[in-house]
Each structure stands twice: as C-alpha cells, then as structure tokens.
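Read from first to last, the chains carry the letters A, B, C and D; within each, the first residue is number 1.
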Amino acid sequence: MTLLCTSADEAVSGIADGSTVLVGGFGTAGMPFDLIYALIRQGARDLTVVANNAGNADAGLAALLAAGRVRKIMCSFPRQTDSWVFDELYRSGKIELEVVPQGNLAERMRAAGAGIGGFYTRTGVGTLLAEGKDTREIDGRTYVLELPIAADVALISAHTADTLGNLVYRKTARNFAPVMATAATTTVVQVRHVVEPGVLDPEAVVTPGIYVDRIVQVSS
Amino acid sequence: MSVVSPSIVEHTDRGPLGRDEMARVLAGDIPRGAYVNLGIGQPTTVGDHLPPESGVIFHTENGMLGMGPAATGDAIDPDLINAGKFPVTELPGASYFHHADSFAMMRGGHLDLCVLGAYQVSASGDLANWHTGEPDAIPAVGGAMDLAVGAKQVFVLMSLFTRTGEPKLVRECTYPLTALRCVDRVYTDVATFEITGGDEVLVRETWGISFHELRSRLDVPLIVATP
Amino acid sequence: MSVVSPSIVEHTDRGPLGRDEMARVLAGDIPRGAYVNLGIGQPTTVGDHLPPESGVIFHTENGMLGMGPAATGDAIDPDLINAGKFPVTELPGASYFHHADSFAMMRGGHLDLCVLGAYQVSASGDLANWHTGEPDAIPAVGGAMDLAVGAKQVFVLMSLFTRTGEPKLVRECTYPLTALRCVDRVYTDVATFEITGGDEVLVRETWGISFHELRSRLDVPLIVATP
Amino acid sequence: MTLLCTSADEAVSGIADGSTVLVGGFGTAGMPFDLIYALIRQGARDLTVVANNAGNADAGLAALLAAGRVRKIMCSFPRQTDSWVFDELYRSGKIELEVVPQGNLAERMRAAGAGIGGFYTRTGVGTLLAEGKDTREIDGRTYVLELPIAADVALISAHTADTLGNLVYRKTARNFAPVMATAATTTVVQVRHVVEPGVLDPEAVVTPGIYVDRIVQVSS
C-alpha cells in the first residue's frame, strides 16, 4: 500500500545508517532534490549511494556528499565540470568510487527488481571494469557476468502520481526512476501533482503503484 | 590477380579540416533514416549537419528517440536534455523510455550507428576513450562501453594527433580500453580511415597531407582501396 | 517450557467446505491492500469474495494491475482478458504493461500473494501443479513456475483428496515439481494448513473431520499451534 | 526505416523456410490473425514458432499448424480446451513441443532484444524444465541459466502506429508484442490505425519505431 506523506521529512523517515540508497536523476533532470534535502536533515550516515552522476555544483546529491553522509558512490559518470564537491572528496580519499557503465547500472538495478540473479553482457569485456568478474563464451562471443544492485531505499522524482502510487514522468526526467523503483525495498517518490485513481491513463502509467511505498507532493 | 591502383582522394591543396568540417564529413556518411547516437562533446556537433529533413533519428541514452536540435530561449526545458545534459527539443514522432529500456535498445544492436570521441583507436578497432589512466584522474565511463559494443557501426571523430604530436591511431592502445574491435571508421582532421578487421587500416581521404606523408607519420600499416 | 495445548478450530458439526466456501475462507486471510495474483481455474473464484472495496489489487500475468470482476454483456472486450482468457473489467487506478514487465513484477518478489491450484503439495512446501507426468499428457506450465518462486506468499487452494481418495498433501510429491519449498498455506475442503518449514505441517482449522481423524488419513506429520 | 505495406501479403513477403517466427498474442487477444493468414498464403514451411499458446479452435495460429507449416513450437501453455489442432499434431508426433515457463519465454526474448547473453533465474529450479541446464549459487540461492530466444521474424498486432513505426496497444492485447518486437530481425505489425508522426503522445509510446520494420493496417 502506498502512503501519501505530508512532508519530505516524513517521506524519508526511518532510513538507517549504512543503507544503500538509489538516487534518481540524470544530471539534475529528475533529481529528487526535496527528498535529498530531507535526507540530509534526517541524518542517516555511512550511506552507499547509487546514481548516474556524483552531484552537480552544490545542490542535491552534491549537498548530501558535502554533508559527509556518503561512504561510497556507485555511478557511471562522476567527472563533470561542476562536480567539485565529489572531486575534492575523492582526491582526499574521503569517498569510495565504483565506476559502473551506465547500461550495467540500469540493467543491474532492473535485475534486482526482476528477480534475475545475474546476467551476461558484452559491455566491459576486455576492460578494467570487467577485471575479476566471471566471463563466459556464449554462441562464440565473450560475455561478462554482472550481478544485481538491490537497495534499501530509492529516492526518485516523478511528474504525477495517483493515490495508489501509479506514476507518470515528464520527458527525459524519467531516466533511472522507473528502474530504481523496482530495485529498492522502500521506494520514496516526490511528485509535482497527486490525483485520484482513474485520472491517469492506464495505458500510459510508467511505474505501477506496486513499486511505490511513499509519495510526497512538492512545489516545483 | 587484378592490378591494384590507389583509390583515395587526397586534398593536398588545403590544410586540415576544421572541427565543423570534420563533423560535416562524418555527417555526409550517415544514411538517410538511420537511428544514430551522438556521444557527448565534439560528436554532438555532427547533429548540426543532419537537420530533421535528413530523416536521421537521434537516440539519446538518457531515454529518448526523436531528439531535435538544441533548445534555446523559451524552448529550454530542464526536463528535456541530451546525454551531455544540454537542453534539447523534441521532434514529431519522438518517444521517451527509461534507462534500462534505453540501454537495451543500445546494447541489443538496434542503433545503426554511434559517433564517439577517442583518446586512441588501434589498427584492429580497439577503442580507448574513457580514462587517461593517470593515477589522479577521476574515471568516468558513462555510456561509452555500452555504445561501443552495442551500435551496429561505431564511427570515431577525433583529431589524428594529440597537442604534442602523438598519433591517436595506433598499433595497440596504451590507454585503458573502452571496448575491443568495435570501431568501424575513424574521422579525423587530416584523414578518414576504415578499420578493415585485418592488420592494415584503409585510408579513404586526406586533407592537407598526402597518403605517403600520412604513412610516414603513423606507426600503423595503411592501405588504400582497390578501385 | 510452556505447556502445549492444541490451538485449532474443529468444525465437526458440519460436512466439508463446498468450493465457494473454500474460496471464501482463503479470501478472508488476504490482507487489505495486498497485491494478489489468482491462478487459473478454482483460484480465480477467490476474487468473487474480494470486491473492490476490499482494497485488494489484482495482478494478471498477461499484463495488468487493477483487474476488476468478470465482464458480462456489453462490457465484454476481447482486448481485456485475464490469465484464464476470460473477459474481465478494469478498475480505477489500473495499469497495463507487457509480458516481460509483468513477469519481472512477479519474479522480482513484488506480489504479496498468489493463489494456485495443485495436484500435490509436500510437507516441506514443494508444489506439483503443472504436469500429471502421464506419458500421453500434454504438459502446460503457463506462469505457474514463475508465480511459485516469485510471490512473497503462495497459498494453495485444492481438495485434500483426489476423487479416488488419495491425499494430495504428501511427504514427497510424486508428480513433476513446479517449484521447491514455495507453498506457505494450503486451503482445502476439510482443513487449512500452514507449511512450517520443518518436517511437520500445522493444522489451523478443520471442517467435517476432527484433527485426530485427519491425522489418521494423511501420511504427513501434523501439529497444531501453541496458543 | 519502417515500411508501410499495402497488404498483409506484402508485409510477410520473403519469410524463408526454416525461419523462427515469434507470434504475438495471449490466447486470441493480440493475435495477429491477418498476418498469420498471409503467412499461410505465403507458404513458408518448416517453421519454429514461439508463442504463448499453441492455437485456439481452428483460427489464426491453429490454422498455421493445421496447414502443416510448423516443425516446432515453443510455448508456455499448449493445452487448452480448444487446442484440438495442436493436440492432434502432438499426439501423432507431427510437431515438436518445447514447454517454456511463461516468464522465461518473455525474459528470454527480452534478453535477445537487449544484448543479454544469458541470465540466471529461480524459475524452474529443481524441475523437469531445468534438467540439463547450468545452475549457479548466487547469494545462497540456486539459479538456472536461461539463454536468449532470438528470431528471424516477429508477427505482432498493435492498436495504432505512426508512420515512423511507433506503436501503442490496447489493454491486455499488449502482452508479448513489445518484447517480441525487440527480439526479431524483422518485426511485422498489423494495426487498426495509422497516424502521422506527432499524433501519438511521446510519453505513452510503448514500442519505439526503431523496433518496427513493416506495418500494415487491417480492418478490425
């Protein structure tokens, strides 16, 4: 059952120290800023964060990093022109980094959500990022075994939710959110609009409510 | 045995291509109606030479087919960006999808072509474009490894030499690899190349340099096509 | 050590449950707001006892959440069917998705509960419900194996004995298995059972038979709960 | 590029003997009847068909089976009250059957479309349907390795297409079609309506046009 929260603080309550937290967004598009700031106030420490980037400028994910709450980040593209918070933490040895090819990041979270124990991919074959991983020849080609990324919590952003938790997104702000929603024990969503069941087109729902645990409406 | 004679266009009456000219040359080789992903940085500029009338449909790995040109002014929408995180537009017939679906499209071999930048390309088509290997460098791979193995054809767009004059088309890459034997063509400021799958690289066209001079400046066996 | 006394409801003043009563007993144990998949055949009838007001949301593996009751008359739409291929309706808040997404939902452990029929259930919760094993039988598995391993809880709904009087709750299944150690509860016409994970099966309630008589008719060690 | 065909016969032209053909539909919902009848007229033989069922009554897929064109069928649920055509062929040894759990059927086609060389699933562990397949312990649980199902052709049905091949479906007639569209070299779609690009909502497109090779509009 999906819980409609009255504040972002309520929505992130109970996140434990040491949790693995999926954070939606590609750059700032789709980043759940309100939930991240609430998580900073909530105080959970020693987090492993999974996200595409390692924060932009001083906002959102970068602010969570700057607050010293993140032990490790798994992402595809940490190095950006405005990723100075991460860059400083990384160079001073204060944060662990696991670089994951973007397609593996998405597919490994999908696997966690879909009950797949592991999958073989050609991405990374023969590169540093496949070192130490099992490989297998299938139909004459070499593949690398990749394992699921499951998480305790997903913090994502969507455009509109109904009160059953069905979600629709807007344009490329969709990005990782639907996959993350499937891969976390608790999925928390900030949305711009909340509507009654029956308002969203059932053919166009992207994330069915079964994947959504908590919703909070934020002013955009 | 047929008589082999060189089949190459040498533009020795001019200098190397400028960056915009490089993008235009590459764009000219993209078939009408192709599904194409342009890597971040210089490869993105190839799109400037492929307007909607070209019939080329652009994929951006952050979840869209049918991406239009860069957005400006009031058309800028923070929810609508490309893989380089710049605002873009939506063309009629566009569609949005999530990241796993977007990379399934890429990794499943459905894109006709991707254009990537590179630090190095080897004679056998190995690509190095994600990591300088320097100890203090922050590695960032993005979607490069997925694109390199997934697209039906991989075109590289890069200057042929580094600022210090080192060739970037090499026998073996010394930088960390992005993918093995994935590159099909290399578009540079002084020449365009086809990776043949053999030991030799085929030169199709040169600018500001002759084939013979090019051969003397690269450590890679070069050939030209049989006409 | 606490004193153990039987905690079981025995309805010996009546006969076994009818099919509709069995479905109602099972339905009574489904929590409000649960996401539930009902297998084809008799399990589908459980839905008759869970109207929309129950807050239970039904999944059908052919691509829908929020499935409503059977469609009749003008409401019949050949594009809107359940897993048993009967016409159904759509409730407010429904959503449609394709088969891979539908089974990802199931296999990924997101459904709270599924209800399945069975040829046999073993004391350790092994399920056999897809194949009689007879040489001329045409095997058909559908989504049973996926549901059995994927749902958070698996409830079986079946008669306790075959028409020839053989028990269907057994020490070890003799029919080909659907999945190992997957069943949580068994709802039958004469008793409801909980699979404990140990060697013994717990009896919660009986109809038309006493616990002692039930024990004499089954080859499975039975226990009752500590109150 | 997507080709708009003027007839179902044109849409199925060139399908070779011995092809693997994915056929959409769950029961009769979403079954591409017009394409199947065109395939019967086209004459390709010795086909391997992948579908959820093995045909209902004498129509559609059942008619293709009755015409003797199918060497082997891979499906999850052949045995239905009205699957008499298949039943007779099977009992007389005239057709080969591979029973695949429905979730594996969908996921194996997704794998083919997504460049996944194989994946580990718990479905089927310890059963007849996993015999002879590799297993692996991952995180203390046993999984079975399943391999992709790729095909030469997919025959599917959709509700509306635009001329770029973008597809939307209707209710549970969607079923296997979007996955099959990704797994075949050539995807052929029969649709009820064809519209110009820009008419379909880009947020609600289910199958992007990149997966669609041929479209034919049929009267429903």
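The rule is short, and it goes like this: a residue touches a chain if its C-beta (ideal position, glycine included) is under 8 Å from a C-beta of that chain, and two chains touch if they have at least 3 such contacts.
Keep in mind it's a predicted model, so treat the numbers as computed, not measured.
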### Summary
Via touching chains, subunit A connects to subunit C in a minimum step count of 1
### Task
Could you tell me the distance, in whole angstrom, between the mean C-alpha positions of subunit A and subunit D?
33
#### Entry: Where subunit A and subunit B are represented by their mean Cα positions, the distance between them in whole Å
30
### Message
Taking the mean of the C-alpha atoms as each chain's centre, how many Å separate subunit B from subunit C?
### Response
56
#### Entry: In subunit D, residues with contacts to at least two other chains
107, 110, 114-116, 121-122, 169-171, 203, 206
#### Entry: subunit C, residues touching no fewer than two other chains
90, 96-97, 103-104, 106-107, 149-150
### Message
What's the complete list of touching chain pairs for this entry?
### Response
A-B, A-C, A-D, B-D, C-D
### Task
Using the touch definition up top, name the residues of subunit D that touch subunit B in the complex.
1, 110, 112-116, 162-164, 166, 182, 196-198, 200, 202-203, 205, 208-211
### Message
Under the stated contact criterion, what part of subunit B meets subunit D in this complex?
### Response
32-33, 35, 55, 57, 59, 65-66, 90-97, 103-111, 149-150
### Task
Over in the complex, which subunit C residues touch subunit D? Could you list them?
60-64, 77-82, 85, 90, 96-100, 102-104, 106-107, 131, 136, 138-146, 149-150, 176-180
### Message
Using the touch definition from the top, list the residues of subunit A that touch subunit B in their complex.
### Response
26-30, 52, 76-80, 86-87, 90-91, 97, 99-107, 109-110, 121-129, 169-179, 206
#### Entry: Residues of subunit A touching subunit D in the complex
107, 111, 114-122, 136, 138-139, 141, 143, 147, 168-171, 201, 203-204, 206
